[in-house]
Structures are given as structure tokens and as C-alpha cells.
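Here come two complexes built around subunit A, the first alongside subunit B, the second alongside subunit C.
What follows is the complex of A and B.
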């Protein structure tokens, strides 16, 4: 039985562009893996064919069958997390262990307010 | 950073029937590719063999052109020669490993002139089997032909791997979402390069070379010649039967008799019979006429040296060139889009003041599609569609004219003809739009950050008195592209519309207005399949002319943020 875990510091999930996001990953496997890495990426969901872009990855050297490591990334300026009628853009951190395509993923939100931008609300509030 | 897109099938996996169908499709590609690779490879091996054979003196006994009625390339070079190996004399008729044939008498005659009877030359003899010999080693450039089946083999093999590896991945619950194959831009470029190369080669052979020959033949001399034979040759294939004109004629240069069968430059075999029959009737055997002979090469002759209407068929391969160039540009653009999905992301880091816009000087905004481009596109599509439809309509017309009632085909063709007429109508509409009034926009920025005020100047080009109900607004919309079956569809959804200017009667032909990009606006986003597009729209009614409906793309940049803060 394999167990994978990924967590951000203080379990924080809402970030602003340019901020650093850090945390820890841990895993327990039956065999020693060949590779283990955590990736920062965004992907789209909705009606369109999915787009995925991996912005950064951190590889863990000499991984053990049962291990715990820390990670740290700097978020880029964009794109923001948003959701509309056709498209949602979701940021995520993913721990990937090979062989076997073991993966654990958590979603985070990246925007100037730290909240997902709802396209239907744009322009509704005058500042 | 790398970026990719995944087809919807990679998530849903598709049904087993779909995968089997895809596998059969890919297997057909693979099998076809391997089959042609084998045929070309086998031929290449035969061509290479004489390069290992030794050169031996030989004497030409005879050389002539033989007519072989059974072959499409009916003229064959026949050379007989003798050579001696280890005191024993051998005789051979092999010029190359395979027969030297052509549909052009002149080409074979020119080749035969290299082997005058009584001439002493070198031939290449198989040391282990001396009765095997050739006069010429075949060109090894043929080896490049091996490259052509490779894309088919690659498409077939990779397609099967993709179909079944996709099935394996989707059966797993914890598939890494970020583990995805790299963009196939390279494969697309390779695929469309084949279109481009084929198009360039065919255009050169069918149009450029014949036109060049027509120009050269202006300097050739007219020589009396006699028609030897005159007939229509038919060529059967899976696509039906095509016909070509074959008129053999003889003429004398400096006392020697020559023969040729070139009627015009760039002649091709095609489906029309009656036109070719009329040509053949003009040149019955025994008739004396004039042909044109290249003064530098008496075997090079033509019966009619002018350019003919049939040469314009040579424009058809240009479609392959257009598809090739367009496809390569598309693949490169898609690859760039997937690498940088957010326009201005680099600039966003550098902007110190959140109220500032990108440009300080005024910029002329460009409409997404110019009236000229719309017209050119409409004409191209109308020509392409109606060009194909006209072949069938011409056939139908001919059938009805000869009293053959093709009722079913006529009914079947009606919707295609209607679509063709609509396309012609749209091309005419696009032509009229070239002369319709237009709106030019200039702005103090072609991009801006949320909350920025943008100065926008508009001016009418053309007759302003014809313009009514002018409306300028700023719009944000989502665009999602997806594939269902073989069709790629893009859905749009507008999420923000900010009015800028609305006038029912356009008094002056220009004005300056200001609008503010919403402070909570999402930045522009341009991934391969999903986009957030911001644009300024200009719409207006034009009396008795096509209305104004132009879109001017405008980038909304991400907000510049403070330096990174450690969490």
C-alpha cells in the first residue's frame, strides 16, 4: 500500500503572484523509487481541450522507500486562478513518484486578492 | 518551463471500439509505409550492386528506341553491346539495372545518342556472374525516396502507441496531471513540410518548368516534319481512366532523321476525351506540318510551342504549398502560444506604477482581420470550393447534353452548388466592404493593466454621412477550443462589456474618448486551446453598403506585484 502526502506551510492554499510557496511532501512505498519530484503547474478545466503548463519542478535526490522532503517555489506574476462559463484555470502542486505514476496533488489559488477570479463578476463593482 | 495540451480523449480514454478503429487506421498507415519502404529499399539494393562491379571495355553493336504498346512509358532504350571477360565474349542489352523507359520519344532518343553503334565504352560486369553487365550505374539519389514512407511509418507506429498508452494511463486513478507528453509541434512541422515539398515539386514540374520551356522555345527554329502516328492513349487507375495525346513525328536536321512525340510543354493525362480527339484529328499520320527544334539539341522538339490553357492546372499544386506554409506557421504559433500563455507577463514585472499603461506614445490599433484579408480569404475559399464542384457540374452538364439523365447525381449536387453560390455571394460582399467606410483607432496604449484609463481616438475613413448608429465598446470573452470526432470547434462566451461610445447620428468624423479597464479585470490569456481575449469592438450601420464590424485586440496585463514575500 502506497501513501503519498503533500502539504503547504500552515496548510495555506491562497497566494498572491510573486509570493513564495513552501511546504513538505512525504511518501511510503513498498519499493525504493527511481525518482521523486514536486511540480508547480497550472491546468485548465472546462469545455476546451485541457492546456497544462509546468512552471517549476523540484527533484528529490536519492529518494528512500519512506521519505519526507521540503520544497519551495516562487510563484510567477500570472496567470491568475479564474473561473468562467467555459474555462477554469487551476494552479496545483503535485508530487510525482516513478516508477508507477504515483501522484498526489493539491490545488492552490493564485491571484492579486488571493481568491479565484470569477469572470462573471468582472466590471460589476466600480472602484 | 514547458507547456502542452492534452486531447479530450486522454481523459475520457474513448471507447474500445474507437481505439480499435484508430488502431486499424494507424495500422493502414504503418503497413502502407512499410510496404513502400520495402519496395524502395529492394530497388535501391539492386541499384547499389553495380557500384561493386569492375569496369570492362565493351563495344556497342546497336542502339535504338523500341516502342512497347503495353506500357504507359511506351518508349524503351535498347542497346546491344559485347565485352570480354577471361577470354570469353559476352553479349548484353542491359543499360541500367532496370529498363530505361519514358513516355517521351525524344528523351529516350537523346539517351540512345550516347551509344553510337561501333562505339567503344566501359561497362560494369558482375565478377561472380560475368553474363551480368550494365552500361550505366543508376543514380543513388533514389535512396532519398526512402525518406518518404518514414512519416507514414512514424504516424502509424506512434499513433498505435498513443492510442494504447493513453488507455493505460486513463485506467489509473492517480495519473499525474502534470506528466504529459511534449508538444507535437515538431511532428506537425514535419507533416506540413511534406505537403510543402510535394507542392513545390509539383508546381515546379507542372507550371514553372513548362512556362520556362515555352519561353525558351521562342528561340527555336521551325522545321518541316511529318506525322508518323497520332493517337489517344488511355491510362487506367483506381480513380478512373485518363487520356493523353501521343503524336509521333519525324524531322531531319543536318541530314539525320530524328523523331519526337512531344505535342506541348507540360502535357498531362486528364479525363477529357473529346478535346484530345480533336487534337489528334488535326494531325493524321502522313500529314506534313512544322515542329520546333532546339538548335542546341536536335532530339529536343515540340509540335506546339505556345503556352496552353491546360498549363493552369499547374496552379492546383499551389494549394499544397499554401496548406504546407499555413500548417507550419500554425504549428509554430501554437508552440509559441503554449510557451507564453500570458501576454506581457515579463513587462508586468517591470512596471513600477500600477496606474501606468504600457505605451506612452499613441499607437494605431490594428483590426483582427483587415477588409483585404477578408476579401482574399473569401475569394480563395470560393475558388477552392467552386473549382472542385465545377468538375462535377461540368461532367453533369456533359451527360445531360448527350441525353444521359443523371438524376440522382444532379439532386446530390444541388446543396454543394448552393453552398458555392453562397460563397461567391460572400466574396462579392467582402469586395463591396473594401469600399465601405471604416473606423481607424489610435490609443495611448495597445495594452493596459487593470484600473488604467485609456485614451482612445477614432476617425472615420470614407463617407461619414453614410454611417449610422456607431457603437464602440470594450469586451472580454472566453474562447474554448475542443475536438469532437474530426471537427475542431471553438465556443465563445462574453463575460464583460464596457460601453465606450454610442452615437446614432455621426456628426463629426473623429473624436477622442476615454475608458477605464475594470480594476478587477482578468489579464489576457492565450493558451493553445483556452483563451481570455480582450478587444475593442467598433460596430456601425452603413447605408447601402456592408456594415462596419471590426474587432481591435487589446491586451490586459497582469497587475505588477511587490517583490516576493517569504511565506
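What follows is the complex of A and C.
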């Protein structure tokens, strides 16, 4: 049985634009993989067709059947993680190992507050 | 409600498998396809599952060793969408074949004459021998909705039947309406009120 794991430093999931995301990935497979890489990307979910954009990827050379590697990305200034009625934009890190379509994903939040922006809250006045 | 939490978001709907009616199953369909020499049409009205079935069929045929080319006639003219000449091992699966005009259709048939097969989806019969007629039923719609919302958010069957009727059996559009109804509320009870049969009937007038 294969296991894949992604962990961010101090298990952080909330980030601000421009910040650094670092951590470690590990895997245990039955066979030596041909390739292993971790990707930083965002995707949309909601009523319409899904959009995906891969912002950065880090390839791990000479991967072993059981291995652990570190990664580091710098987040861009935009887009922010947000949710409305029609669409949500979700940031994620994904470890992809081939062959075999092995993948593990964790979601992260990217915004100035570190929290997902809710479009329904925009314009609300707090007294 | 956040779009990512809506049970009717596109990603979940696209993951709903095609459900055969009338006791047909995959071995029956593949046997019929072989008998038709892999030249056949999946026929049915909009929102009846033709594209879903075609996509699942492409995976099945790929698994059987065919080199499958899946494309949509909605993407452009035949010259842009269809390869100029198809080889003996290639099997062309074309969605929405009725979007091609008569000349484009002739070009497609010519280009695929040596291919392993040509399977299309269409709203009407006549382009190629019919492989299967896709159709929906209120019960099928209720089953799909039930699987998407789970036990927590069961919706009244009368309401679902009204939505199904409003969209004349087009399950895709009916699910889009449920997305809208759900997105307006953070709780199931609110969504149920929004999608009340009386409201649905009023909207359909």
C-alpha cells in the first residue's frame, strides 16, 4: 500500500500574499517512482467550469520508493482565497508521483487576513 | 452558502456516473457496439446524460486497447475539431454531432472511413445506427439528488418532481436550479423553502 503526505512548516494553512510556504513531503511506495513533484496551484469550484492555474512546481530528482523531501514556494500577491455563491477560489499544494497517478493534496488559504474572503460579507457595515 | 460547499457544484455533478435504464448494462452496450462495428449514435434530448455516457464509454474503450479521440462538435468546425485522417486503431468519439452541417458531416465520415470506429451523440436519430436512447425519469432525478445531498438534506419528492417537470426532463438544468436554490441559503430548510413547488410552478409560468 502506498502512502503520501504533505506537511507545511508548523502545520500552517493560512498565509498572506507574498509569504513563503515551506514544508516537507514524504511517500512510501511499492516501487521506485519515475518522477515526484509538489505543485502550488489554485482552482475554482462552483456553478461553472473549473479553472486551474499552476503557479509553481518543484521536482524532486532521483526519488526513492520511500523518501522525504523539503519544498519552498513564495506565494504571489493574488488571487486571494474567496467564496461567493457562484464560485470559490481554492489554493492548494499537491504532491504528484508517477507512474500510478499517486497524488495527495492539502488546501491552504491565501488572503491579507489569512482567512478565506466571503463575498457575502463585503460591504457589510459593522457597528 | 459558499460555492465550494454547494452539493450541486459542477465538480460533483460531473462525478455522477451514467445510470442505465431498462435493465441495460455495460456488457450489453459494448456487445451492441461491436455488432454495429463501432459506428453508432447515442441519442437523446438535452440533459439526458449523453455526454456523461460518451465520456465513460471513452474510458471503457481506452481500457480495451483502442486509441480513443474524444472531441466536441461545439468546439468549432470539423476541420478544426476532427483529425484530417484517422488510422485503423483510432476510434473517434464526437459529442454534439448535430452541430456539424451536412458538408462537415460528410467530411467527418470520409475522414473516419478507415478508423476503428465513429461514435457520436445527437439529439435525433438518423446520423448513425442508434446505440442507445438516453432518457431520464423523475425517479432517476430523485436518486441523483439524493446521492448528491445525502441523508442530511433530503428534499421533498414533490418539490423535485416539480423541478424535473419545469425543466422538461433536462436533468442538467434541473440540477443548476437546485444549485441556485441551495446557494441562496446556508441551511437546508431555507433551500427547501426557496425551491418550494409553489414557487417553482410560479417561476415556470
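In the analysis below, the second predicted complex is superposed on the first by the 125 of 127 C-alpha atoms of A that agree within 3 Å, B and C clash if a C-alpha of one lies under 4 Å from a C-alpha of the other, contacts with A are read in each partner's own complex, and residues count from 1 in each chain.
To be clear about the criterion, a contact is a pair of C-beta atoms (placed from the backbone, for glycine too) under 8 Å apart; a residue touches a chain by one contact, two chains touch by 3 or more.
This one's a predicted model, so the numbers in the text were calculated from it and none came from an experiment.
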| item | value |
| --- | --- |
| Subunit C versus subunit B on the shared subunit A, clash or fit after superposition | clash |
| Touched partner set for A:121, first subunit B, second subunit C, both or neither | first |
| Touched partner set for A:103, first subunit B, second subunit C, both or neither | first |
| Subunit B or subunit C, by number of subunit A residues touched | B |
| Among 61-69, 115-123 or 151-159 on subunit B, the segment whose C-alpha atoms clash with subunit C after superposition | 151-159 |
| Footprint overlap on subunit A, where subunit B in one structure and subunit C in the other make contact | 46-50, 84-87 |
| Contact set on subunit C toward subunit A in their complex | 1-4, 6, 9-11, 176, 179-180, 183-184 |
| Subunit B to subunit A touching residues, read off their complex | 1-8, 11, 169, 172, 174-180, 338, 341-342, 345, 348-349, 451, 476, 478-483, 491-493, 495-498, 518-523, 525, 527-530, 532, 558-567 |
| Interfacial residue positions of subunit A with respect to subunit C in the complex | 45-50, 83-88, 90, 116, 118 |
| Subunit B contact footprint on subunit A (complex, rising order) | 8-10, 12, 15-22, 39, 41, 43-44, 46-56, 74-80, 82, 84-87, 89, 92, 94, 96, 101-105, 112, 117, 119-123, 125, 127 |
